[in-house]
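Same chain, two partners: chain A is paired with chain B first, then with chain C.
Presenting the complex of A and B:
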């Protein structure tokens, strides 16, 4: 096959918005997390797990992890797109990244709902 | 002011003679009237006529003498010699294939420029005199149409270094917005479709190297932001 550049994937805007949206959420969550942690009556395991036993806090924390992973997906994919030229290797790296991040999301859920 | 001498370190490469590029140390005597880097280069070439660089208008309009000056892209004809630390290091624009010395092959750069259709698309029959714009509509084009395509911006952009075949680059995207912003153009949707691509537009991470080097003080990053804005308005 002649090696000529092929462009025109017709996507990218959603990822660009998602990267910004997740960043905003992560910043907000960091604030909420800081306030809730500093407001704990004492710095002990029971107070800590008490904070996470709250359903809303669990939900917000899980959302935070999903944001981290989605944000990381776009960022890491950008790195592969910039520096890895062979398409096959790039696709393999995309898949490894994707599998890892989905795995991490499941792991995060398991940890959060165990607390 | 009397005569003064200026020292240079210049990238030299003649593919017919040299196995690989090398840096040449050279000093040149300047006359009092020599103010710009281009003046010095012209004197240099009088001394060593094998030294190659492009130049034409010598007043920042043609964009021929773009080069990497002490590590920063700029036009030799607009750069004051006295503002530069010596030895003045001159290299060809980074990221493009070198043809000889300071002359680079701009094919890839112009390919990207052509890919955004840098002309007005309007299918209405041409009016008798001209397609009119209001002063406000015309105002939109300021800061966009002045680009001289010297390639200082695109060749200072890491995203363009890594993907010159896929990323349009700051110069091309500035031109793309120039036509997106033009009320006389009727191809807005197709233009946005053409740019909605993770490589063509979204390789830009707004690091603003382009703004930093533009010899015409234009702002491609702002134009790229406005293209993204238009896409958001279209999609959301």
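Presenting the complex of A and C:
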């Protein structure tokens, strides 16, 4: 009989929750984005950049990007863990993924706060 | 209590042309594929957002890039990936909350996810182009 506590170490629980929490936020943002975009009078530079100049929308958009990158980190890491077995290669792929996503976060901040 | 392990010789039946991935499994692997595709295309999407918000001149660059047929095809694929990931993700969240875990309900919701994400892709795709 396996008499092992199934709780305690919390391996992966934090990631599991983070993946779902970010998913819920991204789904809500997607709806907000859809409504705001549909409400634009026309798709021009002034209307489009005007939407993103709004402080609240900018804030929500940046949170969306952070959610995307955190969510992608968990998902892509799971893909590497499922299919890539050699430890060295897996570690290298994890690092590349992490560096890319951190870089994207900086890029997203720069795109939004230039406005 | 005897400790003899009986290893039964089980028949191996791997008829590849007969084994079929059930619909929920199909939705599940497409969730992974669409997520991977979106991740790989993140730099392109960020580049497009960057050009569209940079200045009126860079907005022109953005418009020129997205009107290229190849870019349109790629974006249509990414639109489907986003819609599928969105719909399948909501399904997984409901399954996490033990909603629709019965076999028939899970099959139905898998079918709904496939259809709704395709319909949304067509509707939004037509509206954008």
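Everything below uses one rule, namely that the second predicted complex is superposed on the first by the 105 of 115 C-alpha atoms of A that agree within 3 Å, B and C clash if a C-alpha of one lies under 4 Å from a C-alpha of the other, contacts with A are read in each partner's own complex, and residues count from 1 in each chain.
Basically, contacts are C-beta pairs under 8 Å (C-beta built on N, C-alpha and C of every residue); 3 or more make two chains touch, one makes a residue touch a chain.
It should be emphasised that the depicted structure is a prediction, and the values quoted were computed from it without experimental measurement.
**Student:** Which chain, chain B or chain C, ends up touching more residues of chain A in the combined arrangement?
**Tutor:** Larger number of chain A residues touched: C.
**Student:** Give one of first, second, both or neither to describe whether A:41 is in contact with chain B, with chain C, with both, or with none.
**Tutor:** Neither chain B nor chain C is touched by A:41.
**Student:** Should A:81 be classified as contacting the first partner (chain B), the second (chain C), both, or neither?
**Tutor:** After superposition on chain A, A:81 lies in contact with chain B alone.
**Student:** Is A:10 in contact with chain B, with chain C, with both, or with neither (first, second, both, neither)?
**Tutor:** The answer is first: A:10 touches chain B but not chain C.
**Student:** Quick check for you: in the superposed arrangement, does A:55 touch first (chain B), second (chain C), both or neither?
**Tutor:** neither
**Student:** Who does A:30 touch here: chain B (first), chain C (second), both, or neither?
**Tutor:** Touch partner of A:30: chain C, not chain B.
**Student:** For the complex, give me every residue of chain C touching chain A.
**Tutor:** Touching chain A from chain C are residues 32, 35-36, 38-39, 42-43, 46, 49-50, 52-56, 59, 86, 89-90, 93, 96.
**Student:** What residues on chain A touch chain B, complex-wise?
**Tutor:** 5, 7-17, 78, 81-83
**Student:** Which residues, counting only chain A, touch chain C once they are in their complex?
**Tutor:** Where chain A meets chain C, its residues are 20, 23-24, 27, 30, 44-46, 48-49, 52, 68, 72, 75-76, 79, 100, 104, 107-108, 111-112, 114-115.
**Student:** Going by the contact rule at the top, pick out the chain B residues touching chain A in the complex.
**Tutor:** By the definition above, chain B touches chain A via 158-159, 162-163, 165-166, 193-194, 196-203, 205, 228, 231-232, 235-236.
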